[in-house]
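In the two complexes that follow, subunit A is the common piece, with subunit B as its partner first and subunit C second.
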Partner chain A sequence: MTRLRRYARDHAVPLALLSPAVLVILLVVLLPLLFSFYTSFSNYRLIRPDSLWDWVGFRNYLRVLGDGDFWSAFGRTVLFLTVALNLEMLLGLGLALMVNRITWGQRTMRTIMMFPMMFSPILVGFQFKYLFNDTIGLVNNALQSLGLASEPIPFLVDRWLAFAAIAFAEIWMSTSIFAILILAGLFAMPKDPIEAARVDGCSNWQVFRHITLPFLMPFIYIAMTIRSLDVARAYDIVDVMTGGGPAGRTELLWTLIARTAYDDARMGRANAMAYFSILLSIFFTWFFFRKLMAARRHLGAF
Partner chain B sequence: MRQLKIALFAAVASCALTLPAAAADGERFDGYTLRVKLIGGAQYEPLYTLIPQWEKAMGAKVEVISRKSHFELDREMKQDIASGNIDYCAFSSHTNFAPQYAVMNQPLDDLIAADTIAEFAPLVISHATVNGELMSLPRHSDVSNLFYVKSLYEDADNKARFKAEYGYDLAPPETWAQASDQAVFFTAPPNRYGTHFAGKDEGIAGRFYEMLVAEGGALFDDDWNPTFNSEAGVRALNWFVDLYSKKAVPAGTTNYVWDDLGLGFATGNVAFDLDWAGWAAFFNGADSKIGGNVGVALAPKGSSGKRTGWSGSHSFSITKQCDNKPAAASFITFLTGHDAQMLEARTGLLPTRVKVWDDARAEFTAKGDSFMVEVFDVWGQSMAEHAFTPPLIPEWGEIANALWPKLQAAILGDMSSQAALDEAADEVREVMEDAGYL
Partner chain C sequence: MAEVTLRKIVKNYGALEVVHGIDLDIAHNEFVVLVGPSGCGKSTTLRMIAGLEEVSGGEIAIGGRVVNTLPPRARNISMVFQNYALYPHMTVRENLGFSLKIAGRPPAEIEKATDEAAAILGLADYMDRTPGELSGGQRQRVAMGRAIVRHPDVFLFDEPLSNLDAKLRTQMRVEIKKLHQKVKTTIVYVTHDQVEAMTLADRIVIMKDGHIVQTGTPLEVFERPANTFVATFIGSPPMNLVDGVVAGGEVRFAGDASLPVPPAFRGRVQEGQRVTYGFRADNLMPAGHAMTGIGETADIDLTIALAEPLGAETILLSELAGVEIQGKMYNPRAVAAGERLSCLLALDHAHLFDAETGASLRT
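Entry: the complex of A and B
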């Protein structure tokens, strides 16, 4: 206790200077978190403010545990994450390697590459909703005009096509994040090991596999971490394109949670769902950070 | 366009003439700023061009602090209730959703004169009344009837082939079973489908609900136990399931809501369309591919002999927190007044004042617009005799949200109609238990 007091006395000025920041963080982060955590144990409904004090214990959590719709949305979100992240990574890597080879007009190319990121996700959603529409959509129209399909293909209705359609939109928009980060890695890469490998007679594939890729892995994992948080809370594109439907075929965690919280006004239950969902984000962040550390150790950074 | 301008000018001019008289026996609200939240969108905005007239007559200002689509506004108001931040006086409401806003909604019985209320259609006023208190002034009503492509029904070849195949004459359907036959008959994908329906959100829940009633079923029994997973419920749901499995509707119909349906019918790709009256002028106008070729008919009957007629009214309400309720009452009375409703009626929106029905019809007759006269006749009969609302309880939104994913699952063939309705009934039971009904 006296040590603590002495510490406070010795560091009075820095502590005083830091306190507003700490206070603000407590107010804007911790307080809402505690509040939402409390509401997840209540029967809180937005349209009935008194229900905030209606304590129901673990009922919301037990119901969420036994809710098949929630767990299929949970599983679908994990699948969506896996598909979107891996494809974005492969495509981004390919793009970055190709752009890295360009000697003329590379800056323009890099700017063009970032165009999809400049659109609001809602607009991207509308764009692909229109493209994939079964009666007036561009894709169906093209397929029918070219004689590749005789009947309209219900891209936004069929179980797997609808999933593929929302994944396509997500990947179209965000592949450039991977490409830019990997490109930054390629720029930072020392040339000596590659030249040494070439002198030793390594093939292009061997150079890529054993020198370029290990060097890029930390960059890839950083991009994976950022994107996993992004995709785990995917909402706008899916909400616009399919609204989680039809029949819950494209329901992801946040389309379900948003509907429960605002359309149904069942904030207590929605918060219980949200706390389960946060576990997913925490897991992916922890997983990719571990991978990142391992990759850096592999490079000898530590 | 020119006609619209003339109509707008006439409406504005007539309001300018009538307002000072109305204000003379009422009070003015000089210098007061009335804060309001209004529903936005192409159908709703023309009415707001009249607001400056009210401002001028009352010496007050209107500040529109939010203008959003119905569903966005609904979310926003739920958040306002939760945060207790209700710093506005009047808001756009809807009779079917008004019970949700009970904590912030000022009953109007003491604020609006009884003879004003008496000028509205009694059925519509009863829809706007919750627990014996008038919660909003109805602005215009919604109920759906049938629009069909006339030339398809008049074609001699179609008539002969239909009679040979189904054994009765081809005419706009009187029952939903006939509608089903005709939808299959007219389907020739990808160029034409028999019909289409709202396939998600409250749209499909409402369409199922009205079909349930027409089949003789009910959502709940007298004690609020869900009863829609009955035989009548299965029959109602099977109407949608059959059309979908026979490909008589576009495969994407499960993702369609109102705009998709209205614009889809206007492209001429669909033989008939159960839709709202607000589309009438557009369907038969120059911007539609079937302009001049549209017929209307009463919504068909279900097997119980009752017609479908899921209905509700857009309306205006006042907040309990309002600091100048007389001003707010004057404002919403003005926006639901005779001339304001005439302005909306000209586009096909259904008035809530009895006299406006007659005056609008007379105006269409004078202009020689026989299509709109027919629209008003059909929808007038529907509103008077066949319209009904969902249960007027705050939980209607939640019930609809519990229903529609299951309805979709049955329509898409993921589960049987009975299984889908059973699951939905379990969810609805939980909603009703949590809300304290059971």
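Entry: the complex of A and C
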């Protein structure tokens, strides 16, 4: 205690100068965090403020664990992450490799490639909602006038078609993140090992597989980390395109949490779910970060 | 049998032609060194042989087979790059074995071949490190090891020693020479270091501005340079060159100095012809400090501007007809600047070149 007091006395000025920042962080971050954490142990409902004091222990968590809807949303989110991230990675890789080969107009291509990122996800959601609409949608109209479909395809109604449509929108919007990071990797890539590999007997595919890809892996993992956080909190596109419906068939974690919190007004329960989803995000970040570190260690000499 | 034949090889980058129709025949198991100043097209030529650079014109054949359109992997060549080009994400062992793995050889054979190469190059202790954990010299040896595990038809070296310090370079030079004696293979070796060229080559190819200027054994190009460029490029210090005019069995220089026409050139020059007189520092020696058995000599008195003692000999700087020249004092004594010495020039080792074109007047 005396030591702490002496420390405070010796560092009075820096401590005083830091205190506003510390105070703001306390107010803006820590307080809401503690509050939400507390409410996840209460029966707090937005319409009945006094229920805030209704301490229920672990009941919210237990209910969530036993809730089929929650687990479907959880599973769907994991599936969505897997599908979106892998397709974005493959498409981004392909895009980057192609752009890297262009010798003329490459800058323009790079700029064009970034266009989808410039729109708000909400607008992207609206755009695809109308594209895929079963009565006025462009896709359905086109398919029907071309005679490829005899009746409207319920893109946003059928369980799997809706899932695919949302994934399509998400991928359309964010593939360029992969493409750009991978392109940066390609620019930084030394030419010599590639030439050495060609002399050592590699076909173009083998050069890619054994030399280029290992070099790009760290860049891919960085993109994966960023995107896994992004997709794990996906809300806007889903909410706009299907609203999690019909009948909860496209519900992801955060659309479910938002519905529980605001439509059903069960804040305590929603917060319990939120803490579970955060665990998911933390897991993905940790996973890709470890992969990244391993890949970088491998590349030590670059 | 892997002889390499270049027929009228041309390379252009867009409108810019950098190699202008090179002809070269490299015999089976021959060690050929391409040497020349920076930017003369050595690497480009080597990379065309490797298949890393497209041939714009002419024909390249390896072992009698035209390879112009074949990718590198179909040519059975190994290449050592200037900055090693190791695979950074693989261990030394994996680097060495990579080409065999790609060729689909069984693991036992790969193991045996890599161990053999590692033993030859003294890499056994580093097999599990990655290139990032090696010194420059060790990386260089891995690059060589990677080339030899495959027993290729042709080895291509692109300035493999230029990133090493002087001592290591000398050491590796010896290693490469030994290696060639051990694994008899055709080698094409690029360097801009004439000492490396002299010591390693069976045959030296001297290039300049995308042309071959002279081809020959190290002694041939040293003793019978085809022109003033080769004369100054090969040998250190560079050959002394002084312009003059032929007058009655002598070459007269500006001022009143003159030297006899060297024996090999008598009858090949005309009265009044403008020539460049060339001789090496090794063959201009102060009387009493010369080598013996040097044949016909000419006497010449020189004022010493500067003396550079090297221990076993001293390099003397002087001036002849307004041109700085160098001589060599064997069994040296101390020499003061400004001292006047009477010197001997070994005429059997002197040359005449055309003053306009620089071409040797020997033929």
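FYI, the second predicted complex is superposed on the first by the 272 of 302 C-alpha atoms of A that agree within 3 Å, B and C clash if a C-alpha of one lies under 4 Å from a C-alpha of the other, contacts with A are read in each partner's own complex, and residues count from 1 in each chain.
Please note the rule applied: a contact is a pair of C-beta atoms (placed from the backbone, for glycine too) under 8 Å apart; a residue touches a chain by one contact, two chains touch by 3 or more.
Here the structure is a predicted model, which is why all the values come from computation and not from measurement.
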Problem set entry | Room on subunit A for both subunit B and subunit C (clash or fit) | fit
For this session: Mind working out whether A:F215 is in touch with subunit B, subunit C, both or neither, as first, second, both or neither?
Result: second
Exercise. Which holds for A:H298: it touches subunit B only (first), subunit C only (second), both, or neither?
Worked result: second
For this session: Could you look at A:V13 and tell me whether it touches subunit B, subunit C, both or neither (first, second, both, neither)?
Result: neither
For this session: Figure out whether A:Q206 sits in contact with subunit B (first) or subunit C (second), or with both, or with neither.
Result: second
Seminar exercise, completed: Per residue count on subunit A, the busier partner among subunit B and subunit C is B
Problem set entry | Inter-centroid angle subunit B-subunit A-subunit C after superposition on A [Cα, multiple of 10°] | 150
Exercise. A:A196 contacts which: subunit B (first), subunit C (second), both, neither?
Worked result: second
For this session: State whether A:L148 touches subunit B only (first), subunit C only (second), both chains, or neither.
Result: neither
For this session: Check the residue A:N43 against both partner chains and state whether it touches subunit B (first), subunit C (second), both, or neither.
Result: first
For this session: Please state the minimum Cα-Cα separation between subunit B and subunit C in the superposed model, rounded to the nearest whole Å.
Result: 52
Exercise. Which parts of subunit A are touched by subunit B and by subunit C alike?
Worked result: none
Exercise. Tell me, which parts of subunit C touch subunit A in their complex?
Worked result: 50-52, 71-73, 77-79, 81, 83-89, 98-99, 102-103, 130-133, 146, 150
Problem set entry | Complex contact set, residues of subunit B against subunit A | 71, 74-75, 78-79, 81-82, 84, 100-103, 189-190, 199-201, 250-252, 254-255, 264, 267, 269, 394, 397-398, 401, 404-406, 408-409, 411-412, 414, 430-431, 434
Exercise. Residues of subunit A touching subunit B in their complex?
Worked result: 43, 46-49, 63, 69, 133-136, 144, 151-152, 154, 156-157, 242-243, 245-249, 251, 259, 262-267
Seminar exercise, completed: The answer for subunit A against subunit C in the complex is residues 190, 192-193, 195-203, 206, 210-211, 214-215, 298-302
